[in-house]
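Chains: A, B, C, D and E, in written order; residue numbering restarts at 1 for each.
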Amino acid sequence: MTASTFVLADPTKCIGCQSCEIACAVAHLGTSITTAGEMEAPFQPRLRVVRTSQVTMPIQCRHCEDAPCANACPVGAIVRQDGVVLVKEEKCIGCKTCVLACPFGAMDVVPALDKGQRVRQPGLKVQTDEGAAPKERYVAHKCDLCIGRPGGPACVEVCLARALVLVKRGTMARSVKSRRTASAMQIARSGVQPAGANR
Amino acid sequence: MKQVLTTCPYCGTGCTFYLNVEDDRIVSVTPNDANSVNQGILCLKGHFGFDFVDNKTRLTNPLIRKNGELVEASWDEAIDLVASKMKETIEQHGPDALAAFSSARCTNEENYLMQKLMRAVVGTNNIDHCARL
Amino acid sequence: MCALNAFVVADPNKCIGCKVCEVACAVVHSDVPVKTVGQMTTPIIPRLYLVKTAEVTMPVQCRHCEDAPCANACPVGAITQRDGIIYVDQEACVGCKTCMLACPFGAMEMVPYYRNGERVKQLRLTEETGEGPVLQDAFVASKCDRCIGVEGGPACVANCPKEALRVVRPDELRRTRNLEAALAVLESVKNVIG
Amino acid sequence: MIYIDQELCTGCRSCADVCPVDAIVGEFGQPQSVDQELCVMCGQCVQVCSSYASILDEGIAPREQKLAERAMLPSVKEPLFAAYNQGKALKVKEALADPDKYVMVQVAPAVRVAIAEEFGMPLGSLAPGQMAAALRRLGFDRIYSTDFTADLTIMEEGHELIERVTKGGTLPMFTSCCPAWVKYLEQTYPELLPHLSSCKSPQQMAGALFKTYGAKVDKVDPAKVYSVSVMPCTCKDFEANRPEMKASGHQDVDVVITTRELAHLIKDAGIDFASLTEEEYDRPLGLYTGAGTIFGATGGVMEAALRTAYEVITKKPIPELDLEYVRGGEGVRYATVQVGDLELKVCVVSGLKHVAPVLEQVKAGTADFHFMEVMTCPVGCVSGGGQPKALLPKDRICARTARTASTYKHDGELRHRKSHENPDIKKIYKEFLGKPLGEQSHHLLHTTYTPRRRDA
Amino acid sequence: MSGLGTAFGSGAMTNTINELQQMGPNDAIFAIGTNTTECHPIIGIRMLEAHRRGARLIVADPRETELAKHADVYLRHNPGSDVALLNAMMYVILTEGLADEAFIKSRTENFEACRETVLKYSPERVEGITGVPAEKVRQAARLFATAENGATYYTMGITQHTSGVDNVLSVANLAMLTGNLGKPRAGVNPLRGQNNVQGACDMGALPNVYPAYQPVTDPKVREKFEKAWGRKLSDKVGMAISDVLRGIEEGKVRFLYVFGENPMRSDPDVNHVRHCLEKVEFLVVQDIFLTESAAMADVVLPGTTWAEKDGTFSNTERRVQRVRQAVEPRGNARPDWQILRDLIRAMGYPADYSSPEEIFNEIRTVAPSYAGMTYERLEKLGGIHWPCPTEEHPGTPILHVGKFSRGLGRFSAVDWRPPAELPDDEYPLVLTTGRRTAHYHTGTMTRNCWGLDGVAPEEWVEISPEDAADLGIAHGDHVRLTTRRGSVVARAEVTDRVPKGVTFITFHYTESAGNLLTNSALDPVSKTPEYKVCAVRVEKVSA
């Protein structure tokens, strides 16, 4: 089984423009943004830009090998498919346990859409002073790496600062390997010996 | 799909891009690579700032205020009303009683016509735009 | 867009299993004000439940699911959302227990119905006994209502001696976690570059 | 005796946190039990325990069985918790129903600021008159108050202190009215027992008087007198059952119930406590001063003693009656009081867990004070283990504050506020006891202690 | 415009954007009063890339912008203290012998007056005005002056002050002092905030100049235009926007034609603007949406968006580029040039243009800097920088090479003046304004874009953690901002991006219109309003 790939931003490059958020929302629309605007489709990106005086960068799912969201889901609505951790919307009950479980805040719960339109729940009504109205269905919502999109993740493609990269298993492996080599070289050069080696 | 190269309508950078058009509607934007200011990249306004064109609240007919309400009118009616009001004001109060704010968002050609209208046709230099704003 | 429904959740690493949360829950939901044990004439009927097994000790309560299966299952529409709370209208409940079947957390319970410290009786439902028909007690579905209208917020949170319970506002939580995650990346990038 | 119901305990050990003597044993997460030898029966564990018997739990014994195990009245409706004290209300109910028994009752100072809570009145409501009325409705023949013997304790203990200071007795002297404290000293610091005042507690003084002076006043056979006491305390029953407590020639106190149990009895009898009009306590053993009633609060014994000692020594009226410097909350307080030529140094310990360091000083001879009051419960008897139990932790604190406030309010409103000015105290010395520390006093009102150190 | 015109003879950006891509370790970027990564993201990205290649980056801004986070030296100066800061930098350059003496001698004039003034502004002395530690100013000055090439960039953070012209003159002084003009990777570069501000100015949509900055007061020029247009022309300088509004109040102006603008949102002190638009006898608004201003009009003319018409835009670096029609005009809307043409005709003046190209060709005959451009050349070259006097001329990417437009560069002696409105007990904080990446100007376009409004659907006012704590405001609370002119409600973003004492709001949102608050006090020369500083009171409003 291969490890998951994921998208990661470089906070030293990101300018916080939120292009990635729009690109993400558009990529998952299934229609043009003109139509989305006409339908008043909710704006629902699957990554969110953090922008504070300390740090600026989008945060999205890491597609954890042991995905806490999936392990926490009481109804088995979060699964892995070709290394991508995915929400099976039809199973989700909006309990938010996955939101609680995700250490990155990469999980959200948002109105479910069917061809850009919101979906009503069969039974649950929202009671307000004006009376009761059927509630819209909500589902867990997270990065799906734009699975099936020809150009790969839309956020990576649109980023003008080139701050977003798709970290692949191979990239990770090469980087880890080169760090190992560097680390060995450093020890060799500095003459550092493991404790007890002199004995 | 038709692709039309044009210049971004937002900030002053002057990025150029292709508008991708299907059935007379813009569906997406592709950044211009060659010989451009932006060289293959665009910001979010450049990429995603076009759908206002088809917004259903666009003005699509001239409006004339009648009995306090703005009501739809023909172009001839609207243009004639503006022209007659301009003439009337010039006659009664002189050309300097007219003023125009031109647009930093419209084309050079349009700005030229606007100032020409005020200077050559009306006869006043009361023309400005929001460069400072 | 309105915020996601908040909910209370316990930290199993802090919980000692003292049940103060359960008692506090029952106290604020008592329709007769009670301060001391002696004042209580009804059983303690909480809306969260201490789970105590060899592996875990913590109370479990409603997550106020956005698509509340309990509400979608209720045949009489007794469960609705009000002010971000999935709420049981006990007057409307018929005690069918479908909500109990639907809830994946075991957060729904069927409990004896009390009003003004007295058991509420059925309207006509009697049980045949040796001494003839006896009017039965009423039962209703009961679940966490996040202490709607209670000053100081949920009583379980306010009274936990170990601060093991907290109100989770999913949107806020996500924002905080996003920031922490971003700072972590920044730190690691700095380390690699520096 | 204090017990923990093994079926109900979740092993949270909240009780162990409040136990001053580490008598709660068991692993975290497992049902706990009480080491009866170490236990001083203060009942703080009973107050704090929140692990209740749930109606949803089908694996536990039925409620009727639990009530019987706890010797509680079957009519009790309140929820049951894991930690409990063995009740005596059934015995009282039995005695009241027995026409051959002449039932006298004493109620401790702290009961009157708490009992009303059990009937839905605000925490700390002051209700001495309604309580007297309720006791009368229950059928007690004589309604007396422990506050009277608290005044008497001051007379005896005050003189004992003066004597020890002036004649070179063992100093510092410790108060002896808290039975849990006495038991603690007996089992933990037996070598310091000579420091304890030889005075009996007010409960036991009352017991000794009920079946002597009280019987004589009422012209009844002391053997027929049944002596009941109502206490905020779960340890007073232990004290009443000490073998030496038979100065009257009979068991001085026959049975002790807690404030909560009195409430159970009142409810059991169908008495609507809240609507009762106030009634007086019987005389002579029911008339009390403010000094007697503040025994219920930490520092109260000290304050009452100082009010009397000052005037006895200086022969002048004390300039200020409210001695704020000995009042307070949980912990240790010190004060120095100028009494004539004497610079009297005092110490007040509230909460038994704070006393060990002070006792170590006494042992080492470095303790710089003459007189120490010790109360086992956090803020004295108002917070006793037999008091109404607050459902929420924050209300437990509110109740303590409110009951303390009511205690001092009651003190401020009483006609007499100094024990030696209680007319019935003067009368009992004149008619019966003679003088403080006199022969009759010595016989009825003073006692001795038993070292009970556990073998290592 | 006015400032750079005085100093150099031309008010435009002197160099080009793509020079940033050649910048490296010997070059310095000085960004003052520009939130470049947000307002000009492409240029911002180029700056950051240059910085990664080793170019020095100095940022001066009261707000800690994204660019500021990356700066080698970040000068967080108090709003409205720019002249003091710039003079202090020049003080360091002068006193440490870092000035380009040769350049000053050969290319400039009036240096002594400037020098005399600058020497009053030691970094230590002005710390109280700028709030910037003297050592930081010294670092910044050295970093900039010792670079081989230093390019200065600014936007409205410099110009939108009552001292806006002074600020610009100071920036020009600094560039001349360090010899950073007339060469690549240098210059004074005001970044235009709107797609065709440069073009509108070039076309003479200004009260004092004809196309190509030819003064209306110059008789020779006027004669030329009278001949070209066949009409007698006014020799009187016209009214600027603020004058027009006052003119309406005074009953002098009775007819107002507002073309593609929304003064009800873009102008300062909106309540005052509303009053004027209500008062004017006849108001014509030509726009694509029924804006707040259009809703008040007597006649509304539906124009078209840029995608529905042909023409040219001139970008911030004087590069003229084509705009091409991609879709048909919506409904009965018409390209704005057609509307104007028809109106001119209706007024009885000949106008028979059948395409924008014909208009452009007329422009070429009257605007010498555009004379050499044709639609064909623009097509081929992608764009041409003016001045381009002949059809053989390649255009002019860099201005003032070898010689300034006015001959010698002119130093000015500029003293610092405080902003018009300062905080007091009643309005204890400073309010400054600006933009966010996702939105543009009054939001007429971007608020109607699904994605752009999606990422920034509402106003978030920036307030420092210290001020927020003092005022009992938590992140996300609704707050009311009140100035002497009005008040708005928005949500609070508690952030260190703004210093203690400063709050920030945009002017993108109708529902929280920042310009209800701003001060209409003007720079006496440029007539630019002081958007960047006014006094404000902030309070929490309960939900």
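Keep in mind that, in the parts below, contacts are C-beta pairs under 8 Å (C-beta built on N, C-alpha and C of every residue); 3 or more make two chains touch, one makes a residue touch a chain.
None of the values given here were measured: they were computed from a predicted structure.
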Point to revise | chain E reached from chain B - shortest hop count over touching chains | key: 1
Point to revise | Intersection of contact partners for chain B and chain D | key: none
Practice item. Find the chain most remote from chain E, comparing centres computed as mean CA coordinates. Key: D
Study note, to complete from the structure: Note, CA centroid farthest from chain A's centroid sits on chain D
Check your understanding: Which chains are joined by the largest number of contacting C-beta pairs?
Key -> B-E
Practice item. Using mean C-alpha positions as chain centres, tell me how far chain C is from chain E in Å, no decimals. Key: 57
Revision key, fill the gap. Distance in whole angstrom between the CA centres of chain A and chain B is 40
**Study point:** Between chain E and chain D, distance of the C-alpha-averaged centres to the nearest whole Å
**Key:** 84
Revision key, fill the gap. Multi-partner residues in chain C (2 or more other chains touched) are none
Practice item. Name the residues of chain E that each touch 2 or more other chains. Key: 41-42, 45, 437-438, 448-452, 455
Revision key, fill the gap. Multi-partner residues in chain B (2 or more other chains touched) are 25-26, 41-44, 48, 50-51, 53-55
Check your understanding: What chain-chain pairs meet the touch criterion?
Key -> A-B, A-C, A-E, B-E, C-D
Revision key, fill the gap. So, in the complex, the side of chain C touching chain D is made of residues 16-20, 22-24, 27, 33-45, 49-50, 52, 57, 109, 111-112, 155, 158-159, 161
Review point. Which residues, counting only chain A, touch chain B once they are in their complex?
Key: 17-19, 22-23, 26, 32-34, 36-38, 158, 160
Study note, to complete from the structure: Within their complex, chain B touches chain A through residues 25-28, 41-44, 47-48, 50-51, 53-56
**Study point:** Contact set on chain C toward chain A in their complex
**Key:** 1, 4-5, 7, 9, 63-69, 71-74, 77, 79-82, 86-87, 104-105, 168, 170, 173-183, 185-186, 189, 193
Review point. Across the complex, what residues on chain A touch chain E?
Key: 12-13, 15-18, 21-22, 25-26, 33-34, 36-37, 41, 43, 45, 49, 52-54, 56, 160-161
